[in-house]
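These notes open a run of structures that come right after.
Paired with chain B in one complex and with chain C in the other, chain A is shared by the two complexes that follow.
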Partner chain A sequence: MEAKKKVEPQYLPPEVYLSLEDIVGKEYITQERAILETYSKFSIDITGYLKKHAKDPSNIPACVVLPSTTEEVQAIVRLANKHKIPFVPFTNGQLGIANYPTKPVPTIFIHFSRMNKILEINTKTMAAKIQPYVDYGQLQADAMKVGLWNGGTPLSTSLCKISSQTALAGLYQTSMKYGTLGKNIISLKMVLPDGEILKTGSSSVDSVDDFWEYAPGPDIYGLFRGCAGTLGIITELTTKLHPWAGEKELPEPPAGRPSIRTYREDKYDHAPPPKLHRLYWVEYNDIDSEIKALREVAHSGIGIGLNAAGIYNTYYCSTTQEQTIKRTKENFFPPYNFYVICTGITSHKQLDYADKVINKIIKETGGTLLSKDHKPEVLKVLATWNLDCIRHVCGYRMSRYSYLDTWFLSGVPAVGKDAQEIWSEAINTIGETYITDRGGVDTTPFLYASDPCGRNFFTEADVYPNPIDPKSLQQAQQLMMFSIGKTIGKKIGPGITAFGASFEPLTSFFPEMGPNVHLFMRKLRKVFDPNGVCSPGRQIFTKEELQAVPPPVIEAINQLRQMNGLDPIDVSKSQ
Partner chain B sequence: MEKKFFEKTLEDYKDQVWGCARCNWCQNHWGWNVKSAEYSEICPAFGEFRFFAYSGMGKMHIARALLEGDFDYEDAPELAEIAYLCTTCGACEINCQRLQDKEPLKVTECLRAKLVEDGIGPMPAHKGLINSIKQYDNPWMQPRAKKASWAKKIKLKDASTEEVETLYFVGCTAALDLSLREVPQNTAQIMLKAGVDLGIFGNQEICCGSPVARIGDRKTFVDLANRNLELFNKRGIKEIVTSCAGCYRVLKFDYPEVPGTSKIEYKVYHTVEYLDHLIKQGKLVFTKEIPLVLTWHDPCHLGRHCGIYEQPRNVLSSIPGIKLVEMERIKDQAWCCGGGGGVRTAFIEFAVETAKKRIGEAMKTGAEGIVTCCPFCEQNMSDALAQMNNPLKLYDITELVMRAI
Partner chain C sequence: MTLKVQLEKIVGPQNVFDDQATLVKYSKDQSFVSPAKPDFVIFPQSTEEIQEITRLANQTKTPLIPFSSGLNFYGATIPSNSGIIINLSKMDKILSIDEENWFVVVEPGVTYEQLQDELNKNKLRAMIPLGVSPKRTVLSSTLERDPALAAASFEYGNDLMLDTEIILPEGDLFRTGLWASGGRPGSHMGPVRALLYRFFTAAQGTFGIMTKMALQVEYLPELREIFFIPFSSLTDSLEAIKQIQRKEIGLECFLLNRFNLASLFCKDWNIPQEFPTRNVPSEHFKELIDVLPPWVLIICLTGSPRFPEEKISYEKDALMNISSKLNINVFSTIPPLENADEYFSGLLIRPWDILKKFCFKGSVHSLSFKSPLKRVPEFESIIHKASEEHNYSIRHIGGYLLPIERGRAVHLEFDFHCDISNPEEVKQVRDLYFSCSEELIKMGAFFDRPYGDWAEMMYKRTGTYTKKLKELKDEIDPHHIMNPGKLCF
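Up next, the complex of A and B:
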């Protein structure tokens, strides 16, 4: 049998490795090939998958180090600068572009799995000081005990470390009341790309408490919100906490706990909502009424989570791939629907008021509340995931192919209709990769209210190609790029930029996203990262990095741009 | 026809290993049930070593790379150690299945089977265990003649020659570890007192194969399974009760996965399940009070693997005077004792460190003692308590039942 081609990483010079050993100790550094493999991959990033198929070694790090203190991180960064070796800070997760080295050179992977402590929960300032590996589930569990919580939780909470979310702007589905995480950070302790330690917020002033995000001078934190690690490494952060009206522990499903053999029985998923929480699912006959209702609910100021889910529910709430397909084909879930999560905060009266408001809006906009009298079987199934937003469980039960790539738009709810049209056109032009590709935006937009009063919503469309099949992956990549091009052509997104994060190659290949990213960030990188070693190639290419992109890639991007009515870019003229 | 598990290879899990979404729920306590940051992790190996490779997700990615030939064994000298520093507690699998419908534990077991087949696994320390099973039909290097020495003073039927309604399949560890001798003795006496027509195979009882199944020596496991099944069939065994969580899982769920096995003819119960039945049927009545505050440790192979959560709690709650207080991580999200999957044999330090973490969690409940019903858990936690010089008492559930009747 023909031997398969190996993928061989480039290792560090031995003297650098030994110096790293001195910093963290032998136990906490490795260049064992099997371990490196587990830091080399991708998840929702199609490019990462394609690199795996191409046996490209460039996404395998040279070594992984596990620092335990800010000072150790500083020493690692200084060493990397001394030897001009790139490094990638990482907690965990899926966002491919931040997951692995992007340059075909030996790269140090700094993993924060040992920096996993909640340092303080201060009930007076209603804030928590944490290390970078703390996730939402951990913080919520400890905060609930003292009547507080972080005020919003992404669906995939153990995946989402709060520090990483900060570096990516911090989007989640329950941010309508308190805003996104980015608006809740009080302070950061950062190791800058050259090894300097910097603090933001009021406590950066000697003898001043850690209570406010501002300090004398400009809003330094604003630079780091959404910087995706390009401008430094968060080693400590303080985030605001908010009142929690529920119990000290979350309710358990009355059916008890599953075993490995019974996990598919949905009874184990049906836990009641926490005390002083209420959940509504509403169905509409058409998208216009739904969007009108979304806007009204957002404007009303009630609710903490507002999400138009559409038939995304088919896979969020299905326990197997087969069930997902069956429900999609049978239109089990109403195509136009959304949920509202209300938290009473302090009183039943407040919750009753919210109830009246929601019911009035539903009536005025022609919606129908899912209830024991209307589609109770659907309501029961939906209960498996919508409360996950406040129960800090991963909401996606993606019982199917891996979840690959997401694109975002933002703005007023009308953007959902634009997204619907663009995504439909993309699928009709290139073809769907999996049955639920049409689930999110084609049939109904998947919208999250991400701001009090509904100033903006964001939407996403995901694709589900077969990760084993490179053709399917390429098809998915085309779908995404086509849609992004189209979106930019229509001057409506991609909205994640609006939340403060954007990534290469979109940043450079779609300069319409704004000169701020290109000009300002490139200049900042020169100052903050003179050796170009911190997470190179993720959020922003330098001019030199951009010009090093292979011509066929530029050509392909330009074809895509032209397909979407955009002028080709000329990288040689890039500033 | 779908393959049985013990004939599946990594290739059969190709879709799964490519599709791992890296969500990391294989490392974390299921969100609804997290009660504190301190006890929010669930994978003992990741908890200890902190590199992803030691988690379920890590095995998925390693398996993918091996399948695709991305590296060879000579490139990854620590591969076997990584694969075997897993207690096979199944925490990764239950969380992954609920979210992603993937099976990192099965992938880990297939990875181990591949390592054994390729001569890379198991660990050197496991070889003694395998040789002992081959030579003595038990993993403890004990002569067959000692297998029934615990029962010398108890009048039990010989199921190899006499008709019995219920076979007591003791399990090698409970039968041969002198420190656990009271477990089978109490079990048998309780059963007899409840009027159960009980018999044992005595010196003819052979290892169920659990240790070799978990470390990937499929050939030895299949051989043991077939010998046991042949014996059960020959003797017309219809009902089995066992003291060991490992034996229970294997007899109930692994034997049907042995290639060529048709329908299993017997019903199998773990002791706690059986005790629960006897109490509910009124055949076991408690007459004495045991004024103790106790916490229950769910053995992985009984709880998460087989779904036995409530029965031991019912038994404890039925005993007058016992107050049951729960740890934070229980039932499907219980923290492993650290002893399973061949870890105690090959990596005793890691095994005992893991048990120490469990004991620390138990101490926080304010309990005076920790109760369980798995010989491996008891061995491992007993060592941990000794090393910690910890006054917490460790009980097998049968000891408490015996004292209360």
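Up next, the complex of A and C:
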């Protein structure tokens, strides 16, 4: 019988480890496996799971350090540069792809759990200065006390750290009014991959207040948004706040936001909306009518959020997996539905006005409002959203079974229909890994208005493979890759966002994007990370890294390209 | 083959100019930036031609200066190190108007007037900055971060840029936003880094030549109601601005001082065709400046597509509540003028009449910067003090305050005026302008668009940021051919 393969942990050279101890103190560094597992956990990443199955040691960092100041981060980064040791910034691992080591060499994990303070809430400039481990819920709770808020929390829950999302994500239930996090950053203080400190926005200039999001001239922040921690480490950021019409405190369990268990209680899970807020749920018979209505609402000037949650309501609004499956099978939620979040920032009369407008649009577009007279039992279950549309918690329920990979698209409202077509073709060709994979095929795709006037909608399809079955995981990957290739090959227009084509090996293997976006991004990496030590290979390969991609991976991607009418890539000739 | 012949081969002989009259014309603008002549002025007509020109310029190490309307008043297109002016005005097509999703795609030569004329047919509006010329190009104005008149609104007045197409300094075609995936436009968010376009803003063409831009446009309201609140000083207005903005009342909201108001309403003046222009003495202007309030807050409530009256009504109620609490008067005109609301109703959509103030002396030299609301009085007093020291009348300073994103920040413009044919006056205003700029920057006024001499004043105060910009320049434009001599390059 073949001996069971063991993962051989990798260690840092002892002198490097000792130097790190000197920087952060002995109690804030470790190379113990059990602790490393805890601090480097990534919950929703297929590649990570497959690495675990393959006993790939690159999945495990050599050590975790917990700095408490910008200066300590700077010292760690300088040390790593001196010894050419890769490092990876890490918050809470909500976004798996951003976290695991990407090179099979000893890697330092820099964990920010000690840098968790709100440094200032400035009511005059409506801004909050925070450290990298501050989450959305934490900031909201403090800001609301002074009549302000940050404009929303992301789909991946209010526990996400704002700094991580600045580098990658940040789409809110309320993005129709407040845009995504990208438009809500005033400044970043970053430790660059070579150890230098860079500030963006007006604070880039000595003696200027930290109030304006553009630095003098070209805006380097524009290069950082979406860089997924590859161009530096955020150690402080200033985010915009907005006027808040609701109460100073939202109902929150004593255990704090992570507690899914306590959120099952009605006082949290079915609480009414915040003061001066209302939610409207609308049902349609078909996707075309729904898309038309979404556009009309977005153009009407009412509301702060406009979203269709599709099949995912079966997760968000169900407290057990059995309930999710039952509601999925029974089509408990109307297949084509969306909700509008309205608020009375100007006055309560603003809400009355919004009420009149939404009812008119529903009438014009052939929709039906969920109410005590129409599907009251559904409306009652959807009450989970009353608070979650402002401070999202129930998104965690999506990871209850195994929410492991995601495919994003964005574009004008019709992107919902494009997404449905592509995703249906993928499922019909490759097959589903789980019953809830069919979200966006049989019902409304998850469709979120992500900027004012609804010019841009964000749509998502999620896959729920069995994490202990490598075949199921591989099938999930195939579903994603099929859809990405289809989108680029068809040039239908919607963009594949963060998890899609701006991560290697896709960046280098789809030079159609940009075009040649890989060449531009390679230049950025060269400027900011000359030693290639900051989350190397995650977002853009160097030429040498590209040449080292294993032939089976190249073959698989080239097959995907050819399947979608694109010529294969010859890595040896790639620029 | 000479450079001229090579250029003629690319864009055609009829589109290449090197006669002295043309070169002199492109060597200066109305700013204090020192004149410098280009070697050629050329008019490409396609993205491909621009790519070829860029590749040629890299081979010959010839500077390239992107130019569209020439209506940047701060010297951004004066060729500091000679080279080739690429005049993009012949690329002037509105490529599409998406009526369903409210955005347009324009070439670099499309002007605000041209775009708004077309949008009118679709009941849409471009979000236009106050004080641009009707002939100013939409693309360069947006790219240079001219703040739209509706900037007080977080949603509708800021970050208007969606997809872009850029020729990078070495001649490569590059796209941002949805365009980056090769399909239809409509969002700044695409497959790659959603805010990449911001790197190319306020760059004065130093990182490439933008050949197409998709940008958002808005609903053209059929119903609007405009109100005016006079103030005896700028400081007195700040609490009202704050309270109105925190309640998100109105779309446009801004302050003008009496110099600017008198310029708008002066019957003797028209919008000049050229800048600088000749001065036009006006008794009417003098009369107006004597009777108008020192500062007036202008606020426009706009109706939405459905039930417009009711939307205006609830906003008006909220405005009146604030005025009652603060004990300030809200008017439907600017006392003592009549029907100012009617006038502003047109001006807000096509806000170029303010350029009439060029007729006061012929040239206008504006200090354009950002500040937190609370520091406005401090910066105003620096300008007043410097004006007194330079014997420049405070009554002859144009003043404009634009709240941005509900008052989180404000855009400020204070301008000085001089007759360029009068060397003494030019010296007086030039000295005042630079002394004010230095003092303001020293005290923390934020010149986020560092034109001309402001660049050095700002960049010497940014350490790593400037260093990284220079490294990026070396990597992206290795021969430094794109508009050399600007910013910190």
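FYI, the second predicted complex is superposed on the first by the 520 of 575 C-alpha atoms of A that agree within 3 Å, B and C clash if a C-alpha of one lies under 4 Å from a C-alpha of the other, contacts with A are read in each partner's own complex, and residues count from 1 in each chain.
Everything below uses one rule, namely that contacts are C-beta pairs under 8 Å (C-beta built on N, C-alpha and C of every residue); 3 or more make two chains touch, one makes a residue touch a chain.
Note that the structure is a prediction, hence the values are computed from the model and not measured.
Engineer: Applying the document's definition of touch, where does A:Tyr39 land relative to chain B and chain C: first, second, both, or neither?
Structural biologist: In the superposition, A:Tyr39 contacts chain B only.
Engineer: With both complexes overlaid on chain A, does A:Asn92 touch chain B (first), chain C (second), both or neither?
Structural biologist: After superposing on A, A:Asn92 lies in contact with chain B but is clear of chain C.
Engineer: Considering only the touch criterion stated at the top, classify A:Leu250 as touching first (chain B), second (chain C), both, or neither.
Structural biologist: A:Leu250 contacts chain B only, not chain C.
Engineer: State whether A:Lys240 touches chain B only (first), chain C only (second), both chains, or neither.
Structural biologist: It touches chain C, and chain B stays clear.
Engineer: Could you tell me if A:Gly25 is touching chain B, chain C, both of them or neither one (first, second, both, neither)?
Structural biologist: In the superposed model, A:Gly25 contacts neither chain B nor chain C.
Engineer: Pick one for A:Pro467: touches chain B only (first), chain C only (second), both, or neither.
Structural biologist: first
Engineer: Thinking of the overlay built on chain A, is A:Gly222 touched by chain B (first), by chain C (second), by both, or by neither?
Structural biologist: Only chain C is touched by A:Gly222; chain B is not.
Engineer: Residue numbers of chain A touching chain C in their complex, please.
Structural biologist: Against chain C, chain A makes touches at 124-127, 177-180, 182-183, 192, 196-200, 202, 204-209, 211-212, 214-223, 225-227, 240, 242-243, 295, 299-302, 345-347, 349-350, 352-353, 356-357, 360-361, 410-413, 450-456, 458, 487-488, 491-497, 500-502, 507, 512-517, 519-521, 523-524, 526-528.
Engineer: Using the touch definition from the top, list the residues of chain B that touch chain A in their complex.
Structural biologist: Residues 14-15, 18-25, 27-37, 40, 46, 50-53, 57-58, 61-62, 64-65, 68-72, 75-79, 82, 90, 93-94, 97-101, 105, 253, 303-307, 309-310, 331-333.
Engineer: Which residues of chain C touch chain A in their complex?
Structural biologist: Contacts found on chain C: 98, 100-103, 145, 154-156, 159, 162, 168, 172-175, 177-178, 180-204, 206-207, 216, 218-219, 246-249, 304-307, 310-311, 313-315, 317-318, 321, 370-375, 405-409, 442-444, 446-450, 455, 458-459, 461-465, 467-469, 471-472, 475-476, 487-488.
Engineer: Contact residues on chain A for chain B in the complex?
Structural biologist: By the definition above, chain A touches chain B via 3-8, 28, 30, 32-35, 37-44, 52, 55, 64, 66, 92-94, 99, 111, 113-114, 117-118, 134-135, 137-142, 145, 156-159, 249-250, 252-253, 256-264, 271, 319-321, 388, 391-394, 396-403, 467-468.
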